[in-house]
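Please go over the structures that come below.
In what follows, chain A forms one complex with chain B and a second complex with chain C.
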Partner chain A sequence: MRDRLRTWLGAHPDFEQEARRRAKKALIFGGVAFVILAITGAASFALIWLTAVALALYVPPWGLLRYGRWVVVLGVLALAALYPFYQANLFEIPIFGGFPSVDTGVTMLIFIMMALGLNIVVGYAGLLDLGYVAFYAMGAYTAAWFASQHFSGKNLHLGAVGINPDSPGIHISIWIVLFIAAIFTAMVGVIIGFPTLRLRGDYLAIVTLGFGEIMPQIARNGDHLFGHNLTNGPQGINPIDPPGFGSGLHNAVGLPNDYLTFNARFLGTTISNVQLFFWTALVLVLFTVFCSVRLRDSRLGRAWIAIREDETAAAAMGVPLMRTKTWAYAAGAFFGGIAGAYYASFKSGTFPDDFFFNISIFILCMVILGGMGNIWGVILGGGFLAYLNQEGLGNIGGWLNSHFSGQSESPDKWFTIWHADIDVPLYQYGIFGVILVLVMLFKPEGLIPSSRRKAEFREGVSDEPLYDVQQ
Partner chain B sequence: MSTDQARIRSIPAFRVSPLTALGMFFVALVLLWLGVNFVKQPSEFYGLFLIGLTNGAVYGLVALGYSLVYGILELINFAHGDVFMLGGMLVATMTTAWLATASGLGLWVGIFGMLVITMAFCATINTTIELVAYRRLRNAPRLAPLITAIGMSFILQNIGLVWKGARPTSVPDILPTGDVFTVGGVSYTWNKLIVLLFTIPVLLLLIWLVQQTKQGKAMRATAQDREAAAMMGINVNRTISFTFLIAGSLAGAAGLLYALYFTNVRYDEGFRVGLIAFTAAVLGGIGNLPGAVLGALLIAMIESFNNGLSWSTPGSDWSTTIIFSILILILVFRPEGLLGERTPEGA
Partner chain C sequence: MSDILVAEGVEKRFGGLIAVNDVDFTIPERSIVSLIGPNGAGKTTFFNMLTGVYKPTAGRIVFDGHDVTAKPPHVITQRGIGRTFQNIRLFQNMTALENTLVGMHCRLSGGIVRSVLRTPGLKREERDAHKRAAELLDFSGLRGSEEEFARNLSYGDQRRLEVARALATQPKLLLLDEPTAGMNPQETADFTGFVSKLRDEEKLTILLIEHDMRVVMGISDRVTVLDYGEKIAQGTPQEVQHDDRVIEAYLGSGALAG
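Our next item is the complex of A and B:
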């Protein structure tokens, strides 16, 4: 009976042994976490539910079953997709406070997408890009040009919804704009990459940094560029059209007509624009993950990894260096462009001050913390850091101040360490700096490394040629 | 056969590749722009030249730090600009506390004292960073120390932000601002001269140190080949620490001059000046010390002319773009810099 079940499931011989090992591990770590959460006042049905789901996903080694790896993927996906429904019922984590709101969730997903794009450049191809914000800016401004009233002299309407047909400017449906932005940004990536990619490592990093600094300056001064108002200067361009599917699809399939005016109730939760933005972002992230996985396993992806591990050897094996690197740049820029355009539509505006060098490093930090080259690590790192940036640091600061500040009047104050309240978000970039340094010093392969990257960092690769190659 | 020989003979002895020609074209454009401006407004041109000279001295001190460290470790020490910024902040604090109303001999003794303290302060920070962060990563893949340096830069910047806040900190104006001389309506003020008077001895001292002393010889040997230097009995770790110490104290001197000359400091100033100085080091040929100073002077001149001239000049709104365009153009056209040597890696 048992054997027949095993054959039917297509289980690996080690399945049961591995399940027992994981169960022990889960019992120890999960038990400790559960007890801590329970005694700090998080005890609730939600905690039990969440623990049960986490155990169901972790303890059976799904990867050892036939089709089993889809269980984890679909499970995580379902958890993410249903997040707006159960978010309000979740418990509070000590120190971190509540779970992120759906609004923060959208930002997290967008940053995850950018981190995945940067991961192609840094993680797969091993080219350090310190100016990724340039692609983000490019995407955002493309959305602003093609879906707002900015070019009020021209009138072009193409599938945009929720816009008065008489309103001036170019209004193209956001779905088309996302595609335009992606292609456009990828082209910018190729243009940036072409003159610079023949440089090695750190020089390339500096040049990309240079482009990352030039881009916001063009955005800031672009309101008088040879007599044209291209970017509307420091005021930025807003409003940018929201996404939507139009009344035709709305009546036929029930897709939302226009995100901003949509309103419905479903499973006890009001579905409005934030939830719609969340699910759309989730679909975009899925698309990015799919492309990342397929690219990594493709001929091109293997060429990227070969270049990362040893450029000279890769060239000797017939990998065309320039073309392969340029493709890495274009692919990374492609997703940065989509994310930038979508973020601009979500925030309904784009401003030059959004595109500082700090953002490039912020995204780089996500990739490095999670583990360069590993998609799941990058998703986790991106989600966590974006959450810290949006809500987490503020919550932690509130908790620290209410427990340790001299000004605190809160009943759960413990003792005074500092007299005036400290402003924790002020330290955010210092914290990112500390993360970069600590990860590089102690775990350079990141928290969830790909085994291949780990080997490279631990054993070293022949980054330097054995003999000086004379050109 | 004969046609082949004819073809070989027909190759000219001196050929200009399209890339070089394009580079020459850019240089010619810049020279043309300078020339027209000079003819149109000679007095402003002189004034901006003097400003550029002064800024160039400050940038040069920072650029030397980049060049020294790059020369020995092949590491772009991103945190260098922020060490410079912290030095400036220390000077702001000390000047406000002690020297705001000083004059005469007391003022000069005070400035010298601050110079020594700031140099020691910045040297300590720089060596500590090397000890804590870079030393462990000496044999890691090349990107690891670079990323660590960026992290260090963020940490130092945050320290500056918490120390002095997000607004610019003003430094009391203690340098004399009278005229040294006035020629044709252009006056050369004392504070500009003082910057030069401080910079030149520091540069001479550095050249003497690197070229003439035993420690300098060890530095040059370590830069050439770390393993061979170690085999010759050079204490490589100590030599690298010493290099960071020198680079840090140069950043400290630059921080003092910057704070006293521009009379304000901001937490992100280090990043801006650091990138300018790095561009200068690359322009001159990174790892090459006279090149760093030459590059700094050129960059400062271009920045100053761009900010001040009027005939078809982009203006100060575009100075970052121009400086980075120079960086990119240099790396594309002449990655070894003006005075550098061509290396097998192309950069």
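Our next item is the complex of A and C:
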């Protein structure tokens, strides 16, 4: 019976042994976490449910079963897709407070998408890009140009929703704008890549750093660019049109006409614009993951890894260096552009202050923290850092202040360490820096490394430009 | 036999140093030609000019009817010159199979859009490529090591994988840079047999840089000797062995007097 079951499942011979190993690990770590959460007052059905789901996904080594890896993928996907429905019923985690709101979830997903895009450049092809924010900005401004009143001299309406039909400017449906932004940004990637990708390593990093600085300056000063008002300067461009499917599709199949005015109740939860933005972002992330996986396992993906490992040898094996690197840049830019355009539509505006250098580093941190080259890792890193930035640090600050601040009147107060409340989010880059240093010290390959990258960090890569000069 | 590669007056200077000076050199089709010379004679520099890693300061290189002087390495590889490296330069953190697949890069056509869509044509191409890569590994004596990371292979196997990867580029001319360095006599003998097989069965032309004179004299159709960047002799192994300038270059000027 047992053997037949095993054959039917296509199980690997190590299945049971691995399951036991994981069960032990889960029992130790999960048990500790569960006890802590239960003691701190988070004991609830939600905690038990979540623990059960996490155990079901982790303990059986699904990867060793036929079709098994889909179980984890679909499980995580279902958890994410249903998040708006159970978010309100979740428990509080000590120090971090509640689970992120759906609104924060949208931002997390958008940053995950950007991190996945940068992962193609940094993780796959090994090109250190410190100016990724340029692509984000490009995408956001593309959305601003094609879906707002900015060019009020021109009138073009194409499937736009949620605006007065008479409103001036170019208004194109956000879905088309996302596509335009992707193509446009990929082209900018090629243009930026052309002069810079001849360089290697540190030199490339410095030049991309330059481009990352140039972009926000153009955005800031672009209100008089050769006599044209391209970016509306420091005020930025707003409002930007919301996404939506228009009244035709709304009446036919019930898709939301316009995200901003949508309102309905489903499974006891109000479905409004935030939920819609969340699911759309989830679809975009899925699209990015899909493309990332396909590219990684393709001829191009192999060439990227080969270039990362040893440029000279890759060229000698017939890999065109410039073209292959430029493709990596274009692919990374493509997703950065979509993410930027979508974020602009979500926030209904784009401002030069959103595109400073620190965002590039922030996205790079996500890739490094999670594990360069590993999609799960980058998703984890991107989600976690975006959460910290949006909500987490504020919550942690609130907890610290209510327990240790002299101003605190809270019954939770333990003792006074500082007299006035401190503003923890103010120290965000210091905190991210510390996280990065800790990761580099203790787990340089990231939280969930790809096996290849792990080896590279341990053994190093052998990329020396001119090898036989050493003779 | 016609010449598959013709180099005329090739010269390479690094600042004031003349690494290769006015070398004329030809390789007849389907032959094994060896390039020998004392350390620092400019053999590898010459190699690197043939494969596009360095641009010659002067001179002209014609391969298979096409001028390949100072062309980028990937273009030259595509024309049909495959190479191995003196100090093994495999993609250490890729498997043997992946290394071979990278070698096929310029013979495959899958672009970015087709890779994402994974069209039936692309699937077929990838399946064929995997099959061919496995066959090449088998042919090179690496059966069973397909999924090993290159860095985990033994030294001899890494050398073999370098050749398999170079063969994957479907070369007409294969350049081997000291392929038997560090091999024991048995491995060297096996390898010599393998190189002869490449010429006889795969109809390849082979250019060999080699220090082991037993290998050179055993399999070469022709030997060219470089010293201080200049060609000092060329001919059959027997002719070269008895050439005065060669003996002088290897053993010093006193050797002839004695």
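One rule holds in what follows: the second predicted complex is superposed on the first by the 464 of 471 C-alpha atoms of A that agree within 3 Å, B and C clash if a C-alpha of one lies under 4 Å from a C-alpha of the other, contacts with A are read in each partner's own complex, and residues count from 1 in each chain.
Throughout what follows, a contact is a pair of C-beta atoms (placed from the backbone, for glycine too) under 8 Å apart; a residue touches a chain by one contact, two chains touch by 3 or more.
If you're wondering where the values come from, they're calculated on a predicted model, not measured in any experiment.
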Partner chain(s) touched by A:E456 [first = chain B, second = chain C, both, neither]: both
Partner chain in contact with A:R299 - chain B first, chain C second, else both or neither: second
Which of chain B and chain C A:E409 touches, first, second, both or neither: neither
Contacts of A:A331 with chain B and chain C, given as first, second, both or neither: second
First, second, both or neither for A:M440, with chain B first and chain C second: first
Which of chain B and chain C A:D3 touches, first, second, both or neither: neither
Touching partner for A:D166 - first (chain B), second (chain C), both, neither: neither
Shared chain A surface residues [contacts with chain B and with chain C]: 456, 461, 468, 471
Contacting residues of chain A [partner chain C, same complex]: 290-291, 294-295, 298-303, 305-306, 309-310, 312-321, 327, 330-331, 452, 455-456, 459, 461-462, 466-468, 471
Residues of chain A defined as touching chain B within the complex: 126, 128, 130, 195-196, 198-203, 205-207, 209-211, 213-214, 217-218, 220-221, 357, 361, 364, 368, 426-427, 429-437, 440-441, 444, 456-457, 460-461, 463, 465, 468-471
Of all residues in chain C, those that touch chain A in their complex: 39-40, 44-45, 48, 51-53, 72-75, 77-78, 83, 85-87, 89-94, 98, 101-103, 105-108, 110-112, 115-116, 118, 126, 129, 149, 151, 165-166, 168-169
Contact set on chain B toward chain A in their complex: 74-76, 133, 136-137, 139-148, 150-155, 157-159, 161-162, 271, 275, 278, 282, 317-318, 320-321, 324-325, 327-328, 331-332, 335, 344-347
